[in-house]
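So, here's a batch of structures to check.
Shared between the two complexes below is chain A, which pairs with chain B and chain C, respectively.
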Partner chain A sequence: MHLPDGFLSPQLTLPALAVAVPLAAWGARRHFGREAAEALPVMGTLTALAFVIQTIMIPVPGGTSTHLVGVTLLALLFGPLAAFVCEGLVLLMQALFFGAGGVTVWGVNALAMGLVGPLAGWLAWRLLRRLSPRVALFIAGWLSTQVATLAVAGVLALQHRLDPLLFPVEPAVTLAAMMVPSLTVAGVVEGLYTVFAYSLVRRANLRGVPT
Partner chain B sequence: MASRPDPRADRRLLLAWLVAIFVLSAVRDPRWLAGAGLLAALGFRRGLQATLRRTLRSVVPVTAGLSLASLGWVRLVSGGWPPLEPFLALGLRAAVIGLLTFAVLARVDLLAALAPFPLLTRLLVVTLAQVHALRLLSTESQEGLRSRLPRRPGPLDLLRGAGGITAMLFTLATRNARDISDAMRSRGF
Partner chain C sequence: MRVLLLVLGATLAGPAMAHQVLHEVRHGKAVAVRVFESDGDPVAMAAFEVFAPAEPTHPWSTGRTDGDGWLAFVPSGPGRWRLRVIPADGHGLDVEVETAPPPAGPAAALIAASPAPPPPAASGSNALLRPLLGLAVIALLFAALVLAWRKKGRSPPR
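== the complex of A and B ==
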């Protein structure tokens, strides 16, 4: 799902970085300060789990690729801002140590997959958890993937509109190619993963996880 | 990752690399991109073979595959072939940025360059340790499953064993992460 370097011009990557970097710095200060020492190991483990999950990628024609994100779980446990910082770290590690994704597109990827998607999932979970916790968890995971994918496809469409020579794929093609695997496969598996992993973390009753 | 004695030199190289990849991300002409690739190859001759191999393995197949799939898709939808130059530029741009990234990252000690940011270093170390631990534990659990079955385990066997194994992996990884985090905190990170 996340974009590699070279797909977007600085017209889009620089404004995204201008939003994402201060937000990540603020989030890190808020969630990873001295008082957050208890939560850091669990967050590190869940971030590592998200990292491992995201390395399994399925390329899709006309867009980029699709995969699970695993960050919705962090948003539900620690809040959307903590999820954004953790996903930012996952993307940075992928770009710097493993050559996946990219550094110029870090802001766009982090905002789409770390903030917009998990925020939508977190809101859905807050709205629906009283009706049925398991259904709310599944919908949160599923919706988070759809919103994140839609955001990435939207940015690619905007790049095509701004400069078709830089990103030559038609927006309709990108949208269809990215959303179909996301709606049918990635979203469903992300929903199931969120239900399973959330129940596991709650049952384990780990130190540092807010109740 | 080769270590260099001066973290300030590493930070300068990282800064120059950042500027270069942002500039390259705006270049649309394949000739300019090919020239930039050649310059990068000449500038980072030491270990070039390994860098090229890494770029070819990780960046080129994805971008080339996506470009080819996109071309096919456009042909299917519109009935005609789109101009090839933008697709060529897209592939070249990603490859040159990848080449430059791998060449620079092989020359800097990233953790030393991050030394002024202790909290980021702590989180990075905890997370990287867990990535390796999770990979190792998952390989070991698959080996264990394989040894318990008289045949090669299929997707259903893996799925059946996944619940218990994931719970164990997660508990072990969290305990391990807590130990690392406490050890780093006691050393001033």
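== the complex of A and C ==
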């Protein structure tokens, strides 16, 4: 889902970095300070888990593959801003150690996959959790994936409009290529992962996890 | 009459040659690149652009990867050629490929005849080492934070 370097122009990457870097700094101050010391081991473990599951490719019928993000869980447990900081760290590690994603596009990827998607999932969970907790968790994971994918597709479409030489694929083709695996496979697996992992963390009654 | 036949022959042969599409086969001249996902799946049928070292703004060559994720181009000379692979979902590649002058004579024939080396990212140790390094850095960062707050007085429970 995340974009590599060389596909987006500075017109898009610089504003994204200008928003993402201060937001990550603010989020880090707010959620990783002394008060959060008890929560840090759990947050660290879930961040590491997100890093690992983002490297596992899930085959999609038709020859392509996708992967989980796993950050909605962090948003539901610690808040969307904490999830954004954790996903920002994961994306940076991926760019540095795998060459997956990129450094110049870090802001775009972090905002789409770490903030916009998990925020949508968190809002859906807050709205629906009284009706059915498990359904709310599943929808949170599923919706988070769709919104994040849509955000990345939107950025690519905008890039095509700004400079088709940099990203020559038509927006409709990009949208179909990204949303079909997301709607049918990635979102469903993310939803199931969120239900399973959230239930597991709650049952374990770990210290530092807000109730 | 003989002159007329010669003129007729020349005028017929000219356009016929001009409309003909010719080809030649040269082994060991093209650069072949295989593009694949981290799990080894090929990036098939994706658009690609190749930029010559001297012409970084206009593609030297464009096309699509084949079903196995292979693409090929014939560089006009040695240097760092930029290669962009652009799948529709944006999960692509933007790298530089170093091309060396082709070896002449029997060496070229040997290279053409030798089997292709295995894809580099498929090697097991590398594939395992990089996620471990990423995990180690994440663990170190969080451990350092916990230790820092513990040192400052408000220690987290063990």
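Note that the second predicted complex is superposed on the first by the 201 of 211 C-alpha atoms of A that agree within 3 Å, B and C clash if a C-alpha of one lies under 4 Å from a C-alpha of the other, contacts with A are read in each partner's own complex, and residues count from 1 in each chain.
Definition applied: contacts are C-beta pairs under 8 Å (C-beta built on N, C-alpha and C of every residue); 3 or more make two chains touch, one makes a residue touch a chain.
Quick caveat, the model's predicted, so the values are computed rather than measured.
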| item | value |
| --- | --- |
| Superposed partners chain B and chain C on chain A - clash or fit | clash |
| Chain B versus chain C as contact partner of A:A177, first or second or both or neither | both |
| Chain B versus chain C as contact partner of A:P41, first or second or both or neither | both |
| Contacts of A:P164 with chain B and chain C, given as first, second, both or neither | first |
| First, second, both or neither for A:T13, with chain B first and chain C second | first |
| Winner by number of chain A residues touched, once chain B and chain C are compared | B |
| Contacts of A:A100 with chain B and chain C, given as first, second, both or neither | both |
| Touching partner for A:L3 - first (chain B), second (chain C), both, neither | second |
| Which of chain B and chain C A:A204 touches, first, second, both or neither | first |
| First (chain B), second (chain C), both or neither touched by A:V152 | second |
| Stretch in clash, chain B with chain C, out of 5-13, 23-31, 41-49 or 167-175 | 23-31 |
| On chain A, positions contacted by chain B and by chain C | 4-7, 32-33, 37, 40-41, 43-44, 47-48, 51-52, 59, 63-65, 89-90, 93, 96-98, 100, 167-169, 173, 177, 207 |
| Chain A - residues contacting chain C, complex | 1-7, 32-34, 37-38, 40-41, 43-44, 47-48, 51-52, 55, 57, 59, 63-65, 89-90, 93-94, 96-98, 100, 152-153, 156, 167-169, 173-174, 176-178, 181, 207-208 |
| Of all residues in chain C, those that touch chain A in their complex | 37-39, 41, 44, 47, 84, 86-94, 130-131, 133-135, 137-139, 141-143, 145-146, 149-150, 152, 154-157 |
| Chain B residues within the chain A interface of the complex | 18, 21-22, 24-26, 28, 54-55, 58-59, 62-63, 65-66, 69-70, 72-74, 77, 82-83, 85-87, 89-90, 93-94, 96-98, 101-102, 105, 110, 119-120, 122-124, 126-131, 133-135, 138, 163, 166-167, 170-171, 173-174, 177-178, 180-181, 185 |
| Residues of chain A defined as touching chain B within the complex | 4-11, 13-14, 28, 32-33, 37, 40-45, 47-49, 51-52, 59-65, 89-90, 93, 95-100, 102-104, 163-170, 172-173, 177, 196-197, 200-201, 204, 206-207 |
